[in-house]
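Paired with chain B in one complex and with chain C in the other, chain A is shared by the two complexes that follow.
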Partner chain A sequence: MTRDELKEHILKKYDGLLTPLETGVFDLMFEVKPANLTNVARMLRDDEQLKFDFLNNIAGVDTGEQFEVVYSLSSISNNLRLDFKLVLPYDEAVVDSVKDIWTAADWHEREIWELYGIDVNNHDNLKRFLLPDDWDQGYPMRKDWDAPDFVRMPEL
Partner chain B sequence: MAELRTEEFMVNMGPHHPSTHGVCRLILTMDGEKVVAIEPVIGYLHRAIEKICENRTYPQCSPLMDRFEYVTAMATEHVYALAVEKLAGLEVPDRAEYLRVIMVELNRIASHLIFWGVTAMDVGAYTPFLYGLREREDIMDLFEITCGQRLTYNYIRIGGVSKDIPPEFVPKCRAFIKKMWSKFSDYEGLLNENPIFLVRMKGIGVLKPEMAIAYGASGPVLRASGVKYDVRRNDAYSVYDKFDFEIPTQPNGDCYGRFIQRLDEMKESLKIVEQALDNLPEGDIKCKVKPKLKPPEGEVYSRIESARGEMGAYIRSDGTTKPTRVKLRGSSYNHLMLVPEIGTDCLIADLVAIFATLDIIMPEVDR
Partner chain C sequence: MGLIKKVPVYAEHVPGGGFVATQLESVLSHAQACSMWYLLFATACCAIELMCTGASRYDFDRLGMIFRPTPRQADLIIAAGTITKKMAPRLRRLYDQMAEPRYVIAMGGCTIRGGPFYYDSYAVEKGIDHIVPVDIYIPGCPPRPESLLEGCLHLQKKIKSQKLADWHEK
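After this line comes the complex of A and B, so read on.
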């Protein structure tokens, strides 16, 4: 399946659940509503023509205006690649866990919970692991967080 | 006589245990010699590379990438450079791509030699460590005459490579390849049939293919479980589609399979370097890159096959000179998740073998 065929297949079969975005410069990029996440994830994994069984990465992003959570998937058996993202306003920073669907999501979700303060529903092991256990200075990957000795580089 | 009381107890393995290959602490719950539960504690090497990148320009981030995974620093530079080139739409000259492939594959061999040595050392054989480091030294010399560095190279830059290879590189590299081919019989004769070694490795830490995929295991670990998947072939980047090489696999997914897997992969890497040297094109080593590189708005997840597995970089640009977000994906992160899964219910000595054959290194986990 080529990239265009994949896009066509998804637009036809998942109409309204995955909205294509133009920001993905290499692989396909879609937007998914946070409420549909587990539903879409399970369908992408179980669809025989797609079979996205491998979760490459989950990246949290703070754009300065909102949070985004980017999921990168690939299919080992059908050799496909696809990205999708959730857009979360600052005051609704909650995602559902996809740990049941891809076990690999476990630590990636812990990481966005710990470093961005994005809450993860239905995750049984939300414990600090990259930061010290007694950390109480907020969420370091947020754009408004600066370390005490931090010097912002001048714009070149 | 009164009945003897038994109870589980806790053992702290690490953070400075020599077999944890970095600073990783495993909290083990033990029932005698048997491991009942494992909890990895990480974060001792966290250097906030991703946060620092958000305050640097794109070319300034490049040297930081060496520190992300310093055993195969060439691969880390490569994945970052590929991601930025995709974002900015840069065309890299062919010669630069060939030089990158040569360096990354040599670095893969160097990494596997360390793996081979330390894994043998972890299960009690010291000689392979000395043999492995001896051959690795030749590779380090090749890197040194090319870019002056032995560990953190900063050689692969956005748009190409920093320097062309010196004239003596090609003959020296060919001599190394010839020497390396002759060493495999030594390597295989040392351990592969050793009865003590077989008892320590065969059937230990079995990883089923379905579980490997669910946990996001990649690279030699995935292939040793029988899944024929290699990013160099399945999602060919750079010039890997021009080389002829095999993707070896192992059927059992145990420690022994993962050990043999990497010996086989070294041979394939040698084949790639040979072909790259034969077909090395003339030309530029770098395309024109503006000093104030401003990739247009967009995002990309680029991935490569590093020595440990799939290495990825997610980069988000908002059209300024600095990235909005750089997320680095190291395969050790996923492989460390596997340790509690396949290490439970084995002996503590087997856990050392499992940890070693997954080839986890900690800077890649903590970033």
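After this line comes the complex of A and C, so read on.
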């Protein structure tokens, strides 16, 4: 299945659930409504023609206006790749866990929870991951984060 | 303490005598400076240069510098690489476990002032002199083996110039 065929297949079969975006450079990029996340994830994994059985990465993004959570998927058996993202306003920074769909999500979700303060529903092991255990300075990957010894790169 | 064992050998060659007069201070500091055993503490890419310096081409051993895997046997800690805030208490702990007199070399930009991670980093300690007292700073990213050797020679010079009275202050 080529990139264009994949896009066509997804648009036909998952109409309304995945909205294509033009920002994907190497892999296709879609937007998914946060409420549909687990649904979409399960369907992408279980679809016989796609079989996205491998979760490459979950990335948190703070754009300065909103949070985004980007999921990168691979299909080992069908040699496909696909990205989709959720857009979350600052005051509703919550995602559902996909840990029971891809176990790899466990650590990634802990990471975005810890570094961005994006809450994760239904995650049974949500505890400190990268930061020191006694960390009390908030969420360091947020755009508005600051600390006494934190130095921002000056504008050049 | 290689020199003390060799003193009788040298003394044999002193014309007309079987003894040599010297200061205890200079013998001790010479012995100390020429057998600096360093702790393996390499946290980032500076470690590659440290390994290169330790290997046959640059041959750290000829300065009497042999790596030790435990702080109990080390005189020197070469902090080679980025120290994160999470690593900092571990560095302090290793330093505290070393027997005195002990020395610290800050190798590379990261250990001196955070290096390339100075800006926009929440995780990197901006200089290990906030954690342990540093004797020699070696700038570079990473410093070449020549720089590291130069730094070690400076440290040797520093040790050789120490007086016995300085020991308890260190």
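One rule holds in what follows: the second predicted complex is superposed on the first by the 155 of 156 C-alpha atoms of A that agree within 3 Å, B and C clash if a C-alpha of one lies under 4 Å from a C-alpha of the other, contacts with A are read in each partner's own complex, and residues count from 1 in each chain.
One rule holds for everything that comes next: contacts are C-beta pairs under 8 Å (C-beta built on N, C-alpha and C of every residue); 3 or more make two chains touch, one makes a residue touch a chain.
Just so you know, these numbers come straight off a predicted model, no measurement behind them.
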Contacts of A:N39 with chain B and chain C, given as first, second, both or neither: neither
Contacts of A:Q66 with chain B and chain C, given as first, second, both or neither: neither
Which superposed partner A:Q49 touches (first chain B, second chain C, both, neither): neither
Chain B versus chain C as contact partner of A:N122, first or second or both or neither: neither
Contacts of A:M153 with chain B and chain C, given as first, second, both or neither: both
First, second, both or neither for A:P140, with chain B first and chain C second: both
Dominant contact partner of chain A by residue count, chain C or chain B: B
Chain B/chain C common contact set on chain A: 131-132, 140-141, 150, 152-153
Of all residues in chain B, those that touch chain A in their complex: 41-43, 46, 48, 50-51, 54-57, 86-87, 89, 211, 213-216, 227, 229, 234-235, 292, 297-303, 310, 312, 314, 316, 318, 320-322, 324-325, 327, 329, 333-334, 337, 366
Residue ranges of chain A touching chain C (in the complex, touch as defined): 131-132, 137, 140-141, 145, 147, 149-154
Complex contacts: residues of chain A adjacent to chain B: 23-27, 29, 53-57, 59-64, 70, 72, 74, 76, 79, 81, 83, 102-104, 106-107, 129-132, 140-141, 143, 150, 152-153, 155-156
Chain C to chain A touching residues, read off their complex: 85-86, 118-123, 126
